[in-house]
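Look at the two complexes coming up: chain A is in both, with chain B in one and chain C in the other.
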Partner chain A sequence: MQTEAYMNLFLGLAFAPLLGGIINRIKAAFAGRTGQPLLQQYYDMYKNIRKGAVYSRTTSWLFRAGPIVGLASVLIALALVPVNGSTAPLAFTGDLILFAYALGLMRFFTVLAALDTGSSFEGMGASREVFFSALAEPALLLGLATVARRAGTLSLSELLAATSVTSPELVLVLAALGIVFLCENARIPFDDPNTHLELTMIHEVMVLDHSGPDFAFIQYGAALKVWVLGSVIVGLILPVAGGKFLLLNSAALLGCMFMLAVIVGIIESTMARLRLLRVPQLLVAAGALSLFAFILSMR
Partner chain B sequence: MTAHNFILLDNAEAIAFERVPLVSPDAFRRAVLYAVGNGARISAFFGTPEESLVSNASRKDCSARRIRLCCVLAHDAQGKLAIGSTVIEDVYPALTPDCPQAHLFERELYEQWGIVPEGHPWLKPLRFHKRYNNGHDGSGHDAPDPAIGVTDFFHIDGAEMHEVAVGPVHAGIIEPGHFRFQCHGEDVYHLEISLGYQHRGIEPALTGGPNKRSLHYMETLAGDTTIGHATAYAQAMEALAGGIAPPRAQAIRGIALELERAANHTGDLGALAGDIGYLPTASYCGRIRGDFLNMTALLCGSRFGRGLVSPGGVLYDFDTERLSRLKDKLQQAQKDVTSAVNLLWEAPSVMARFEHTGALPPDTAEELGLVGPAARASGLVRDVRYDFPSGIFRFAQIPVSTWGTGDVFARAYVRWLELQRSLSFILGQLEMLPAGDIMTGPVTPAPKSLAVSLVEGWRGEICHVAITDGQGGFSEYKIVDPSFHNWLGLAIAMRDQQISDFPLCNKSFNLSYCGHDL
Partner chain C sequence: MLLLLLALGIIVISGCGALTVCTRPRLSSCIGAGGTVLGCAVGMIPALEVLLQGTIQSLRCAWSMPCGSFFIELDPLSAFFLLPVFLLSALAAVYGGQYLMKYKDTKRLGVAWFFYTLLVASMAMVCLARNAVLFLIAWEIMALASFFLVAFENEKAEVRRASWIYMVATHLGTACLLPMFLIFGAHAGSLDFDRFAHSLPQPLASICFILALIGFGTKAGIIPFHVWLPEAHPAAPSHVSALMSGIMIKTGIYGIVRMLAFLGMPALWWGWLVLAIGIISGVLGVLFALAQHDLKGLLAYHSVENIGIIMMGLGVGLIGWSAGVPSVAILGMAGGLLHVVNHAMFKGLLFLGAGSVFQAAHTREIDHLGGLIKKMPYTGACFLIGAVAISGLPPLNGFLSEFLIYLGSLRGAISMGADVAVPLIGAVAGLALIGGLAAACFTKAFGIVFLGEPRSQAAANAHESRPLMVAPMLLLAAGCLVAGFLGMYIVPAMSEVVSGILGFDAGHELKIAGGYLGSVTIASIALLLVVACLTLLRRFLLSGKEVGSGATWDCGYAAPSSRMQYSASSFAQPITDLFKMVLRTEKRLQLSEQYFPAAGAFKTHTLDAGFEKIYRPLFEGAKCLFARCAVLQHGSMHLYVLYIVITLLGLLVWLVR
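What follows is the complex of A and B.
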């Protein structure tokens, strides 16, 4: 067993909730506030894990399965993304597809659990989530396909090791993945993670009925999802330093993830949410960027 | 202009009650429709038992059947109020089909006295309280006492339609109200708003007054409009007593009223930004709203202006030291709020959310009888401070701020325009505060009189109608909060909108639940 293979898994499990803390602190700084503690997300999860869960009588096993399957799926995805230059623990040829659909499975179960409650809010959130992710998925897959074609491999580990920002299509892919990153993680301009207005929510409204440990799972899963998608983007950007420089690569990854959180915080502080009608347009634009990049890579 | 069979009076003018014309229901109906057709607005439309006007019968176990309907019409362009009345027993032909702004008023009549306006398109009680006259129902069969929250809703059938119910318990810290959306996917076809969860019975509690409690009812009937309602009450009392507040008191009332407006408009602009996730303005305005509230506290010790206005004048005076402190704070806040709010108009992502959302065309706004910033955002020039000036506004006029598009942007922008004008008004008043007393002697209402008092609160026209009995006590005290006129406007503005834009639309109106429910 190699430590370097497990490095990103370890970093993600440990630091993913910190990203949320960083985003919140950046937003607080922009608003002239002190903001919540950096470790607030850890405290929240710790609080929730100790609580009991409340289940509505109208729900079935699907509702309880949602958070567990969700967390498990994102853990699989995390185990497919290595620190740049090493090989992830679950890496195999074609894991690119598994990566995209592990995240898809997570979403699918979150949606099922939301629909299981029978609440009109959750139904609305589920329908929005499915609609938007149906548009985000081509952007993600085409983007990854472009990079795969460039790198000549279908394994995420080899792919991240083989690329750096040297070709024009990669810039397009990065832009598309950046949009997908914000959308999939329910950040502004797609969704407002801080809102209390059920009618405007997308992701948050689907988990309104979860409580206690289930909710802690969801929070952890959401934090890990930020990490997973973020570390793919960072992996595409970062130059490769070869397998020997594990510590350097890890430190670079960690630093870049924090930078990413800062950027997300700045975006959230300086722009308003999109009107829901406009969200598909932006996602289609991301898809178009990916498609264009794919066409460029066919040259 | 004069509606037939109506008597004209000014804002804050009292007349002997017997001078209020009493006409046949038919003539009354024709007069109201004629006046409204010629540009008048219904400011208040209410019933009061005929027997309480002749004797001093208590409201408690009243079983009155004969109800005196009084209608106060506002002729904005002429600055005149017109009032007329008729006596109704059980049924009368509804005004609503010909005059939509009577909609809620007629439902209220049905709710309070069991009077059935025949032909009313959607007749059901507005709130969930018992009839004032022992459950009597004009339709013949007595209706059971209403159960809270149980009512009919307009709904659309069909497999693709879905109904979304929001409230009365909400996710935010706001007042309770129930919203029922008929949606087709994300599109709202119809919204019905069901209120009444905040009903406290303020109007019945005021009858028999004025007493020690009356002023406090006024200050708390819509807590964010303390100065507005207290001023309207004080004005009505002074009119009934035939007096007038000293000039210095009038100026202080004006300053407090505009500070209230500034605080609430700032808070609203911040909340609008918060709803669309635009952080900078949301955070700064939240803080600056507190600054304005603190200025009111500087004046009277209460952030909401409790205990400042009283019939006869005001209870707190400025000394020079506080005057200069207020001036400094005001100038600082003016600077802060300008930079915070201007961020909104400069951010394309904000404007994309505000523009074309929840647009209410001027003719709809006029038909519904909207008031306040919501009406002015639809291009209607109505402002009590300008149309029916009373107190300090007779001497220092504030221009009416309007915008034509009627959307969320217009409602936000009108608030910003008003805010700026309010601040310069206050600064101007602080420069030339009249000297003298702040209080007249005791204010004793004259017997058997009626007074109408209008004040432009920050949400719009506040209308108080006081009728006194033989001893000078209130036999009827009618309060119309601006929200009462405007709730229907919100429901109509939501048609063909995205349901996800509802919170934004709602905030752009920011209506009072307790002011409506009383």
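What follows is the complex of A and C.
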């Protein structure tokens, strides 16, 4: 077993919940508050793990399967994304398709678990989730295809290693993937994770009824999803320092992920949520950016 | 070959047997279903043999028809299509035996079984025939048998309407096949298929290609020739819908692929055209599916979508073929063909599941169902597997074929010039959009029908189907699951089929693709292991803790009713609104005009745009035209005698001229 291959898996498993803490601290700083501890997400998950659970009488086994399948799928996606310059444990040619579809599987079961509660709020969140993600999917795959064209490979591991921001199309792809990143992770301007009204939530409202270990799985899964999509974006930006410099690459990845969290915090502090009607426009724009990037790459 | 003829014989004879005892429903069902299962089992043997060994079996004898001989042949491509024909027909027959019992006092089941066996046998014959006349005879028997099956409940007006639309559509399709075969025959000097190969020069080849695309495409249900599909599939009994949607429409794909093999090297625009049709059918099919309220209507539109995906695979293959990139050609073709079998399995499964739901709850209206997974655990679990598979998600079989099509398109898109890369990147974008929308559609279909609380009394009183209806669904679900893990064996086994179409060896490329799918399998196994570990972990974490149950959280409101749940229409509303340009959903809202609120009503209805905008005006126009001709027909005998006299006089003048 090579540590190199499993490095991003370890880093993600260990540090993913920290990103949420950083984002919240940045937002608190903008608002002039001290904010919650950096490790708040770890505390929350620890607290949830130790608790019992309450299940709605309406629900079936699917409600209990949702968090588990969701977490398992995002772990598979994580096992496809390496630290820059090394090869991920499950890497193969065409793994970027599996990457997108593993996240799709996670979404499918989260949405079904939400519908299983019979609550109209959760149904509403589920409906918006599938809507937005259906529009985000082409942007993600077109973006990755553009990078693949430049790198001449269809494996995420080789693809991330072969690229760094050197051309205009990569900038466009980064913009598109950034939009997809914010949308898929339910951040502002698509969704406000801190809203206090169920009617306006998307992701948070879908998991209202989960409790105890189930909810901890969901929180962990959501944190890992931020890490997974984030590390793809970071991998595209970072230049590679060869396989020997694993520690350097890992440290660079970690630092960039924290930077990404800071940027997300700044976006969340300075922007308002978009009206729901505007969201599809932004996602279609992301798709258009990806497509334009692909056209540029055919020069 | 004899084994195959024996199989067809058993199937047809059992149908005739069922017809002769049609006064005794149980007996005729036993004979019909039993004979079909036996015949299919026998027929499977030579099909598997040919597929695995890559040999060709043929039978040729003289017959009294002109131009050619009675010629049937079993090559890998035929065997590849025969396999799902026999598999799904047998399972649907077992299911149908139980399903039709509901009608045993009102209908003559022997008749239904007669046409069912005829349909099975004719579908097999379509795949085997190597003579145009024989092919067309089988094709017509298939169309007529399925017409009578669709018209099973012909006391209902909408069923009669649906079956007539189907009848007209299928014959319009056949009308294109006749000239196509005539062009082929005229050039080859015979109507036997073995003389057709590579016989046509341009532009005749292109004309034949277009005719094949329209003629076979009508049967397959590509947009804009799909209008019969959403009418006929909901109207037919469920096991027949499963058969029609799972297999019968695929004979159209078979026809296209067979003709492509005859036509040889394609022009580049053929690939563009097929791909464009595929993307349009896929996206519009899933959008219209999202707007449906009828569970079987939704599944029918999904057949249009999946035919679109298959066509996309073929289109990618054609583009790769004409551009001289073997890997793209092979992956596209293999993906499209594999999707044929995959779709047969999960769509068959879903239609059988929808039939069970209909018999249990007496409605197909999605918004009247709900909570069925507790009443029907097996049907629910099977439907879930079908739903995940049809959304193309790992680890089920739907992912394999979409993966191949993606891989083929991406391979071309990242390495080729603009004329090839542009359509292929379009395929990637289309497939991604279709995938996302299909997931939306099937979370809706499964979530609203099986999860939550029952939305009507009928749904609350539902119960699980009989074992004979559940068993075929379980087998199909197991098939979807197992096939998802066997990609690395299935795909290389298709090499003879793909090589036969393209004319060059596909084995090496498919072996490499099989290797990638092996990695997918490893990821899928890892997924299952993680799921198992997490389940154990949760059990450990919850042991000794309090696990309570309560009402669903509704913001403090403690008495939610089932009518407050999100419905199928509300779930799909954001998407249908975004695409209202194409869907043109009619909305009717009635609110009371008084100061105090009273009961209101809201209704949405999505008509098929192709039907309303293209076919209705066309057929209304034709009707007007023919109505004008009706002035000739007064019903008065004197006039008719006058016509005869005029005709005779005319002939006389022409003769003495």
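Just so it is clear, the second predicted complex is superposed on the first by the 299 of 299 C-alpha atoms of A that agree within 3 Å, B and C clash if a C-alpha of one lies under 4 Å from a C-alpha of the other, contacts with A are read in each partner's own complex, and residues count from 1 in each chain.
Note that contacts are C-beta pairs under 8 Å (C-beta built on N, C-alpha and C of every residue); 3 or more make two chains touch, one makes a residue touch a chain.
In this text the structure is predicted, and so the values were computed from the model without any measurement.
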Chain B versus chain C as contact partner of A:200, first or second or both or neither: first
Which of chain B and chain C A:259 touches, first, second, both or neither: neither
Partner chain in contact with A:298 - chain B first, chain C second, else both or neither: second
Contacts of A:27 with chain B and chain C, given as first, second, both or neither: first
First, second, both or neither for A:270, with chain B first and chain C second: first
Touched partner set for A:251, first chain B, second chain C, both or neither: neither
Chain C versus chain B, contacts on chain A by residue: C
Touched partner set for A:120, first chain B, second chain C, both or neither: both
Touched partner set for A:62, first chain B, second chain C, both or neither: second
Touched partner set for A:142, first chain B, second chain C, both or neither: second
Chain B and chain C contact sites that coincide on chain A, given as residue numbers: 120-121, 123-124, 127-128, 198, 276
Complex interface listing, chain C residues touching chain A: 370-371, 373-374, 380, 384, 388, 391-394, 399, 402-403, 406-407, 410-411, 413-415, 417-418, 421-422, 425, 428-429, 432-433, 435-437, 439-440, 442-444, 446-448, 451-453, 515-516, 519-520, 522-523, 526-527, 530-531, 534-535, 537-538, 541-542, 545-555, 560, 562, 564-566, 570-575, 578
Interface residues, chain A side, partner chain C - complex: 49, 51-62, 64, 68-69, 71-73, 75-76, 79-80, 90-95, 97-98, 100-102, 104-105, 107-108, 111-112, 115-124, 126-128, 130-131, 133-138, 140-142, 145, 148-149, 152-154, 198, 208-209, 212-214, 217, 276, 280, 287, 291, 294, 298
Contact set on chain B toward chain A in their complex: 162-166, 171-172, 185-186, 273, 275-280, 282-284, 287, 347, 349-350, 352-353, 357, 498-504
Residues of chain A touching chain B in the complex: 27, 30-33, 120-121, 123-124, 127-128, 188-189, 192, 194-200, 268-278
